[in-house]
Amino acid sequence: MGKFKNHILVCLGTGCRASQSEEIIRNFKTALEENDLENDVQIVGTGCFGFCEKGPVIKMVPDNTFYVLVNPEDANEIVLEHIVKGRKVERLLYVDPETKKHVSDSKHMGFYKKQIRIALRNCGFINPENIDEYIARDGYAALGSVISEMTPQEAINVVKDSELRGRGGGGFPTGLKWELTKKSNSDQKYVVCNADEGDPGAFMDRSILEGDPHSVLEAMAICGYCIGANVGVIYIRAEYPLAIQRLKIAIQQARDYGLLGNEILGSKFNFDIEIRYGAGAFVCGEETALIHSMEGLRGEPTVKPPFPAVSGYKGKPTNVNNVETFANIPPIFLKGSSWFKTIGNEKSKGTKVFALAGKVNNVGLIEVPMGTTLREVIFDIGGGIKDGKKFKAVQTGGPSGGCLTEKHLDTPIDYDNLIASGSMMGSGGMVVLDEDDCMVDVARFYLDFTVEESCGKCAPCRIGNKRMNEMLEKITMGKGEEDDIIRLKNLANVIKDTSLCGLGQTSPNPVLSTMDNFMHEYVAHVHDKKCPAKQCKALMQYSIDPNKCVGCTLCSRVCPVDAISGERKEPHKINAALCIKCGACMEKCKFGAISLS
Amino acid sequence: MTEIKLSECNVEKIKELCKKFNNDSGELINVLHGAQEVFGYLPAEVQELIAEELKVSVAHVYGVVSFYSFFSMLPKGKFPISICMGTACYVRGAEKVVDEFKQMLNIKVGDTTPDGKFSLSCLRCVGACGLAPVVTIGDKVYGRVSASEVKKIIAEY
Amino acid sequence: MAKVKTLADLRKMSEDLKTKIQLREKGDNPESMIQLKVSMATCGIASGAKEVMDFFIEELDKQNIDAVVTQTGCMGYCFAEPTIEITLPGQDPIVYGFVNELKAKEIIEKYVKNGEMVEGIIPTNYQTPDNQ
Amino acid sequence: MEKINIIIDDKQVAVEPGTTVLHAARLIGIKIPTLCYMKLDDLNFENKPGGCRICVVEIEGRRNLAPACKTECTAGMKVKTNTIRVINSRRTVLELILSNHPAECLICAKSGDCELQSLAHKLGIREIHYQGEKSKFKGDKSPSIIREMEKCVMCRRCETACNEVQTVGVLSAINRGFNSVVAPAFEMDFDKTTCTYCGQCVAVCPTGALTERDLTWRVIEALVNPEKTVVVQTAPAVRAALGEAFGMEPGTLVTGKMTAALRKLGFNYVFDTDFAADLTIMEEGTEILDRLSKFLKGDKDVKLPILTSCCPGWVNFLEHNFPELKDVPSTAKSPQQMFGAIAKSYFADKLGIKREDMIVVSVMPCLAKKYESMRPEFSVNGDPDVNISISTRELAQLIRNANIDFNSLPDEDFDSPLGASTGAAVIFGTTGGVIEAAVRSAYELFTKKQLPKLDFEELRGLEGIRQATIDFDGTPINIGIAHGLGNARKLLDDLKAGKCSFHAIEIMACPGGCIGGGGQPYHHGNVEILRKRQSALYIEDKNKPLRKSHENPFIVQLYDEFLGKPLEHKAHELLHTHYFDKKKKIIIE
């Protein structure tokens, strides 16, 4: 078989797969066969490219042409034009929203320009189902050199030196965590990879597992060697079937090569990995809850101490790290801790992967150095706010985090700055909100989530969040009372102060931070009975401008509750008492006569 | 005396499933996943038998089943409709889509239509945030769904 | 599948496998490499552009020269097909016409390796979508 | 180990390593309020999920408040239990709990005995600032226990009792978040589950979520019915605990006052279950001897060890969990049921009335007795041998209802003939008592010699599983004792695995035996109360002129006049029963 002249990298991340990227691959195969090119062009299904907004995305190698929003029908044209004739298919190129020009090389796209990819280094580059491609990228070399050339403590020192902090939320120093688990004496220890990514709007870990599963396996084995464990467990959401499938393939391949199993690379080190499934419980992201869930119990957290490093899975010392943390480990060993420390800022080293979503032009998965500002992320990488609207806030850290506003735009993103701003890193969800988003409603949305996901073990979280949610509901319904704001604040602080686990302790953050930054919106709801963002239906009224209405009757016909009356060719009227505020009339009106206020 | 009524082949299936996990009660969640895959849901009888096989109390099994939202004791519709209510989908209008589905099918979230054709559920982030709001029906994914498209989508089935 | 028994084996394996994804690594850093574009429109293909491209890929690889060989559209020199455009790092692109295997060999030996000009240069007076 | 010094509210205290802040504070007289926490020393009960967050305190250097019950002292720790932050948090959390609790204290079965109520009182809650939806759950009225789970505060004590202590495994936390509650699988009613009705869940419940099925009104109805002769029997453990309901020191024996009160309430005959306990020893003791002699003679068919059968919770447990052993326990009915059977035959005959015209009420420390009295095998043509079984707490309620000043009542005696008993019967109320009573009689009947010493200290105590070998004049008899169903399970598992061998085993469902029964006045976590009740029973035993069941003259008379000999025809018919296999069955369709 000759050498491939071209590679076509097709994103097979969940997002692109949902838009038929598998079909695209099939069509490419057919088109290549028809043109007798199957030996010249290799098609590679890869992990997430990150640029989900424009999915499905494909990349042509070696000229690095980046095609976006590709349909299965486009495959034939790409083969005929790009491969056969060497002409770029211009209509599939990314158009820079500012210059309105086609950009063909991804490196010149604003989305990729400011990114540095460590955890995502192989995502969108290799075929995650082929261990050879991982090995070709120096895969398992870090594990090899650690177990053949270092003592566990030496290896831990490298991690400590790198100042890597846990990427799952809290930001606990990873090396220290490993050291604590190493120091616990026990015949059996465990390495656990927390892949129970439950933040609504976050998909970093899933993308890594889908795009580069071996990096996590390799890191877990390194961790096992360091702490003295020979069993690793990956606890993954059952909602991630693709990641599970890729992990299973990866584990099998690693075993076949002897990179997992007994006497790895001729050493005395044995290590193997099994998979446990979550079953839909956000709280299981909390490590003690996760461990209980792994043991087949209800995922209820327990009070720490004892920490898992002392007593974890099956009562044995257990080191729990999340996916992204692990994905950083092999590069740290390959390139050295001092290299790692050159990236990032004073207190937070390396990069952080964010799932950028919401009202931003470029939704997707990004990896930026710690210390990058929000402005760079939202406007340079994210391409600014959708539909030219005004930026209002960005929610980081999911239900545990808070909202950052205009005034935080130039704050460098790192663990400490986010906490100081009333939010937190969380696992890396970043949802951008614009002028149309009501901050009270956003707080309510997160509370909805927390109420549904609270495990119910401790009273403040079980009842307190429910009460907060009810108060927010009341406020968005226009039934808020003056005392509610004070009560809400007290309640939020007490829940924060008294809840049992991290989920409960951080659950009031969306409320507290929106109160800190958007108190005027709360006041407007409670005091003036107005929703400044025009989101809270109960506070809104539809009305017809008699000067604009021509009496076409379209609105009255579309109204589901017959709240609109009026004679033909006469201005119509909305009966506010009957109106259910569905908005159908406004959508239908061709004369812009119906408004919401 | 409690009686569990199950067909012989189902009894065998469950027993084999439990055996695959060494009848280890620590594997309960994996066993439940397996059983839900086989039966589509987890009826009481199945839970009773799993409890028996893993030597744990059925209360414990139910405590676990009722804790995790992935497990269901109700059979799903032939076409299970799930609407992503992750933040990205929410801020891009998922709630309106849910309301529309509720109205069109005349059922609540979590319920199944009387004819067993559709069931409606919300889930948290399927990870296709670029396509927000996202609706899945069975294995099929619909992206960038607006409330007005709901009728058309339902009509496909 | 054979197990990888030592770290040295793994490293060797990694080296061997690198060629498989070399193309992608190159694609990531084209500026630092020799870029060679073969005009592959109908006229180019008819005059043997495909064979020339194959030859370049094999020969460059044989000689361990890091280069990115890609197809490109018609350059407008249909009279001189097959044509290639070659860009050495940091230099302006140069277009050669009437490239056959013999010519190709010469280009590699002289221009690519030593920067010596070879006969057959066509002055450029067009824009590609890439350098618009 | 060296002690650790910590400072709580500016007071220094030195504690053993491993001590929690809660206990350290108690050592210096600081009572940090708790709600979910409960620990019963020696009874294998420790519930500290750290869930209620009432006991939170401020610890210098910690970001959040910490639960005192779960926080171990570390050297130099500085704790504040009463800062405004702590007090505000504690009150707010309690208000939250109250906001999800039915405000029906006035008519709640637990009123006056409710830990949530007294906590609200202690913290002086006057307003609940956070109101909202309250959780709704399915109610359940089983023969013995009523569940009103809206009153559940998720302390999880019942779950601990049911699973860890009793290993019955009927209860589990279910659902999650605001909808979480403790319930049986599928929120089934107790009567569809393997519940033994031991009532230990009720005994530890801080609120009115779990209570006994209240039958006091049915007693009152019986008492006012002129057509009926109402006979009451009182179990031994009742007299050692009833006084607590009237403010007396735990361990006060109120046998005489109780008798007087019952008479005042209008019972026609005030008898004693102790009489039937003596009768039980006659039957069960004879059965033991019978099996033992056969065994010693080498009979291979005989089943040993013999297991006691007077505890209905234990019988239920056996039927659900060890049906393969259903032929092993003594077939003797429990004293409650023996009493009913004799009262409605022998005594009704004596009075010359029909059994249907007699109402037998039993006062029991137990909730399983309610269920036992309803078992169909314990009735004749639909007429139950025991009509109504009430708990110690319900009796206290009846006494209060009737405006009886219990504390100043004169002591009275039981009626004759079913009121006479020996010391052996009294100790039925504590773990180890039944087997000690049986040994006293069996020894003498077996060896035909008089016992040199009646107090078998080796059989007493509160240890969960105990064993002793009693020398039956050269024949060593191995005896096992377990109280608490978890201990029973352990013992039976060991037995099945051949790890131990006994001739006889006494099993009591409740920790401590009947003194710790689910129908007794609430101990609120104070094990000292159980110890005091226990020693009261041993004192009563010691003070009795007769201390061996077979010496009870009225028992002798009963056999002479009516029953014939133990285990013989009439005795067998009236005083013995059999057990059922109630294990879960898989029916293949």
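As written, the chain order gives the labels A, B, C and D, with residue 1 at the start of each chain.
Just so it is clear, a contact is a pair of C-beta atoms (placed from the backbone, for glycine too) under 8 Å apart; a residue touches a chain by one contact, two chains touch by 3 or more.
None of these values were measured; they are calculated from a predicted model.
Most remote from chain B, judged by the distance between CA-atom centroids, is C.
Inter-chain spacing, taken between the CA centroids of chain C and chain D, is 90 Å.
Note on chain placement: the centre of chain A and the centre of chain C lie 40 Å apart, centres being C-alpha means.
The distance from the centre of chain A to the centre of chain D, with each centre set as the mean of the Cα atoms, comes to 54 Å.
Centre-to-centre separation of chain A and chain B, using mean CA positions: 23 Å.
Counting partners per residue, chain A has 281, 298, 452, 455 as the residues that reach two or more other chains. Shared interface positions of chain D, i.e. residues touching 2 or more other chains, are given as 173, 175-176. Looking at chain C, no residue sits in touch with two or more other chains. The full set of touching chain pairs reads A-B, A-C, A-D, B-D. The touching residues of chain A, when paired with chain B in their complex, are 13-15, 18-19, 51-55, 198-203, 206-207, 238-240, 276-282, 293-299, 314, 355, 357-359, 363-364, 395, 398, 429, 431, 433, 437, 442, 445-446, 449, 452, 455, 587. Contact residues of chain D toward chain A in the complex are 49-54, 56, 64-65, 67, 70-72, 85, 88-89, 92-93, 96-97, 99-100, 129-133, 153-154, 173, 175-180. For chain B in complex with chain A, the touching residues are 24-30, 32-33, 63-64, 67-71, 85-92, 123-132, 134, 141, 143, 148.
Contact residues of chain A toward chain C in the complex are 2-7, 9, 61-64, 82-88, 90, 101-102, 104, 107, 125-126, 132-133, 135-141, 144-145, 148-149, 256-259, 265-266.
Every residue of chain B that touches chain D in the complex is listed here, in rising order: 1-8, 11, 44, 47-49, 51-52, 56-63, 66-67, 73.
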